[in-house]
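Before anything else, here's the structure in question.
Chain naming follows the written order as A, B, C and D, and within any one chain the residues start at number 1.
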Amino acid sequence: MKQRVFAVIKDHPQTLSGRIFSFSMTALIILNVVFVLIDTMKSQPETLSSISRIVEVVSVALFTLEYLLRLWTADLLFPESRPAVARLRYVVSGMAIIDLLAILPFYLPMLIPIDLRILRLLRLIRLIRVFKLGRYAAGLGTVGRVLKKQAPALVSSMSVVVLLMIVASVLIHHVENPSQPDQFDSAFSALWWAVATITTVGYGDVYPITPLGKIIGAVIALLGVALVAIPTGIISAGFVDEINTKHKSDSTCITCDECPPPPPIK
Amino acid sequence: MKQRVFAVIKDHPQTLSGRIFSFSMTALIILNVVFVLIDTMKSQPETLSSISRIVEVVSVALFTLEYLLRLWTADLLFPESRPAVARLRYVVSGMAIIDLLAILPFYLPMLIPIDLRILRLLRLIRLIRVFKLGRYAAGLGTVGRVLKKQAPALVSSMSVVVLLMIVASVLIHHVENPSQPDQFDSAFSALWWAVATITTVGYGDVYPITPLGKIIGAVIALLGVALVAIPTGIISAGFVDEINTKHKSDSTCITCDECPPPPPIK
Amino acid sequence: MKQRVFAVIKDHPQTLSGRIFSFSMTALIILNVVFVLIDTMKSQPETLSSISRIVEVVSVALFTLEYLLRLWTADLLFPESRPAVARLRYVVSGMAIIDLLAILPFYLPMLIPIDLRILRLLRLIRLIRVFKLGRYAAGLGTVGRVLKKQAPALVSSMSVVVLLMIVASVLIHHVENPSQPDQFDSAFSALWWAVATITTVGYGDVYPITPLGKIIGAVIALLGVALVAIPTGIISAGFVDEINTKHKSDSTCITCDECPPPPPIK
Amino acid sequence: MKQRVFAVIKDHPQTLSGRIFSFSMTALIILNVVFVLIDTMKSQPETLSSISRIVEVVSVALFTLEYLLRLWTADLLFPESRPAVARLRYVVSGMAIIDLLAILPFYLPMLIPIDLRILRLLRLIRLIRVFKLGRYAAGLGTVGRVLKKQAPALVSSMSVVVLLMIVASVLIHHVENPSQPDQFDSAFSALWWAVATITTVGYGDVYPITPLGKIIGAVIALLGVALVAIPTGIISAGFVDEINTKHKSDSTCITCDECPPPPPIK
């Protein structure tokens, strides 16, 4: 019985029932996220908010059941540990903490008195449920591996972007502040402009109007393009390397000592 | 006779007449698309709208003729099937359905009475004719193959972008709603902002104005740049792999069993 | 004497005097372009416009001298042709035509009477001088080779972008026209919006306001990011292939028959 | 004693105390940059500006101590030179000049009388301190190496972008000036538009309104996407090449002379 349940709820299921479970959970999580969005609407019809309440109660019930089943079958997930240790190992694992945080905000107001302001924040914490999808994201394996491997180069190149933005924002504040004291009231406002320019978002709420400011702006915009190209290059190289490594096992290249000796000559 | 017609209208034609046919069809389709655009203009001179009508009638006549010829020569396209089966196989193929949908909206009002509203929609369906160009897009082969191969990684990374946008939009709605109740009236408005920011479009119709909102906005804009870099990296790696695979046949690397025995020693 | 002049003015010069000539010409062309920009200013001080006139006369004199020298030394550029043929071959070469177009607008008003409107256009044609820089752009060799090689894939993927834009603009015109009849008066206005969205420029002069329009806009913006990634991937793969091909000659991979026979055994 | 100090302050430290020193210096520099930003705020509370003054004095004291210690241990950095020469070699090195410029603006007003305007500029020069972080940026090694190697291709492709922008701005000025004399008053204003369009920033402060202007704008925006793809491709190829070169040492490919002789035959 426990074996069967585990075959259904475990990650990367092989059985049909396991795949149906995965698919249903994914659909339920997406439904939950849609209702977090819907709940932010002010003038909501009565029907919709009662549907939202039903979805919430049913979801939390199912998520709680899922959590308890996973806890129950934890000894099959970590067969090398004793049952009690296996359960503890499961409870402190990353995905289990997300699972718990996804249902806790529902039970909390029942246990301790909570004021309205914190209640609104608790409703926001429901968003954590999207991270439950991480369990079903098998395809992200490669992406995650590449990002992890290239993290040092990515972090250091992004740091240069941040440094460039800070230098740019102090300079442009110095140049534009006399002409636009409201828009560029401090280098922090200029930092907002620098982020919008370097990422090429360009909302158009703040932009330089003096000739010198426009020159700095143009340099930042062009440098921004170049600096955006660097993380892209790093990630591309990571994926190319990943594919090459995968191909290596069936590669046609050989080393000398891997070669069998040539056939004996009589 | 049928052989000759087939040599002209078949995909990837080898003969001169076939190439002229391909080129003429491409030109006719582009002309059609241009007239779909022109037809949306309100204050259209009389001459233009009568030209548009003539283009429509001539195009549908030619497209109908093309469809019938392709149906007639279907037994040469699928020589292994019996003529009737070959014709049926052709009719249910993707390109044939597009061909049919490209001419059907013209004939439909003649067959059944249709009100004006649906008539306007039918005129829109003429846009399907652009997909007829797919037949002549030989160069897209590589692009399509790469996208198909990398689809799982692309879909999973794009899903992360969508998740990030949803989280960002609920957060920014929570932060900006008190200051801009009209712009950020619900998380759906915030989602529109999140799409415009993460794709770096940045229309400037909605943007955060509170310090905390600007911090979230800056994080999203910077993460957006990083997340846009991931699909680019995946696609780049796909094209690199495609080129490498193509080069492999004339590769200078060898496997052991491909090695000729060393020259005999006397 | 002619040999010495040719050593100076020929492309990719090896001598010091040749490099000084290249550098001076580059500087002169950039000075010319700056003055084309300056000439567009309305309220120009008297001094500046007289400097501009002097720069123009001196530049044309030098460019004319350069053209005559190149014509004179054409028989050294094409040593296999007879002098007259060599000169003709030079005159009809791409760079020589650019050289001629760069000086012709100056001489034209002296030869035939020209009205003011065409005179303004002739001043614009001076911009052709920037293409003279092409002669000195040795580093562009790789870039040009990669773009040429990948042109079919680039053209076909860019065509898909254009098709997507046309479909998007007709759809959004249909959806947004009732709410914003001025902004989306025809699908051509919508096409301008589609270009700004797919390229992620996003000026913010036109944007959808209806829920359905925003959904179409979000899809286009996200697809736009993906479709921009494709040319980047194609070009990246082209550069990777270019570098790999360059490395192949000093590659550590070998074929069996390239191996010298093993040392004889006694 | 001097050996121990050097082990702590030298770049890429191996010891724990050296790593703590690196981390503390990085934190101090970031604190300094944050206070350069804070100092630009007009309505600053009294407490904050006095904290800023304290941070400045303490930082300069520590940076001065660091500079003197590095000068003192310079003979260990250049063991092959005589002490005096080693110190001189250190003083003229790039990082030492940055270190000096980072503290000089603090001491300058004590030495010579300086008016208020230059004093404000001196405060700006404190930004140079961010470049002190370069010392600790080990991860940037790869990025820097790739950019250096690909510099010629990057510079030449970026030059084409600049040329394209200049041509575009003169053309669009010619087309849009009659309709928008204020926005496109000279080709310099048009150049600002061209930068914002080609980099896809698109603030929306200037944009074409005439049909011909919109066509030029659309071409520039689409070409801009293509031209941004080129540096990305160049940088990607650089990183791929870097990774391949690193893998070469443990490559499974062999050269002939690396092959051991085949086993002797009896």
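Assume a contact is a pair of C-beta atoms (placed from the backbone, for glycine too) under 8 Å apart; a residue touches a chain by one contact, two chains touch by 3 or more.
What you are looking at is a predicted structure, and each value in this text was computed from that prediction instead of being measured.
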| item | value |
| --- | --- |
| Chain pair showing more contacts of the two, B-D and A-D | A-D |
| Turn needed to bring chain B onto chain C - CA fit, degrees, nearest 5 | 90 |
| Rounded Å distance, chain A centre to chain D centre (Cα mean) | 29 |
| Distance from chain D to chain B - Cα centre to Cα centre, in angstrom | 40 |
| Numbers and ranges of chain A residues touching at least 2 other chains | 188, 191, 196, 200-204, 228, 232-233, 236-237, 240, 251, 253-254, 258, 262, 265 |
| Category of the chain touch graph - line, ring, star, complete, other | complete |
| Complex contacts: residues of chain A adjacent to chain D | 152-153, 155-157, 159-160, 163, 166-167, 169-171, 173-174, 185-188, 190-191, 196-197, 200-204, 207, 211, 214, 217-218, 221-222, 224-226, 228-230, 232-234, 236-237, 240-241, 248, 251, 253-258, 261-262, 264-265 |
| In the complex with chain D, residue positions of chain B that touch it | 200, 202-204, 232-233, 236, 240, 253, 262, 265 |
| In the complex with chain A, residue positions of chain D that touch it | 33, 36-37, 40-42, 120, 124, 127, 130, 133, 137, 139-140, 142-143, 146-147, 154, 158, 161, 188, 191-192, 195-196, 199-205, 228, 231-232, 235-240, 242-243, 247, 251-254, 258-260, 262-263, 265 |
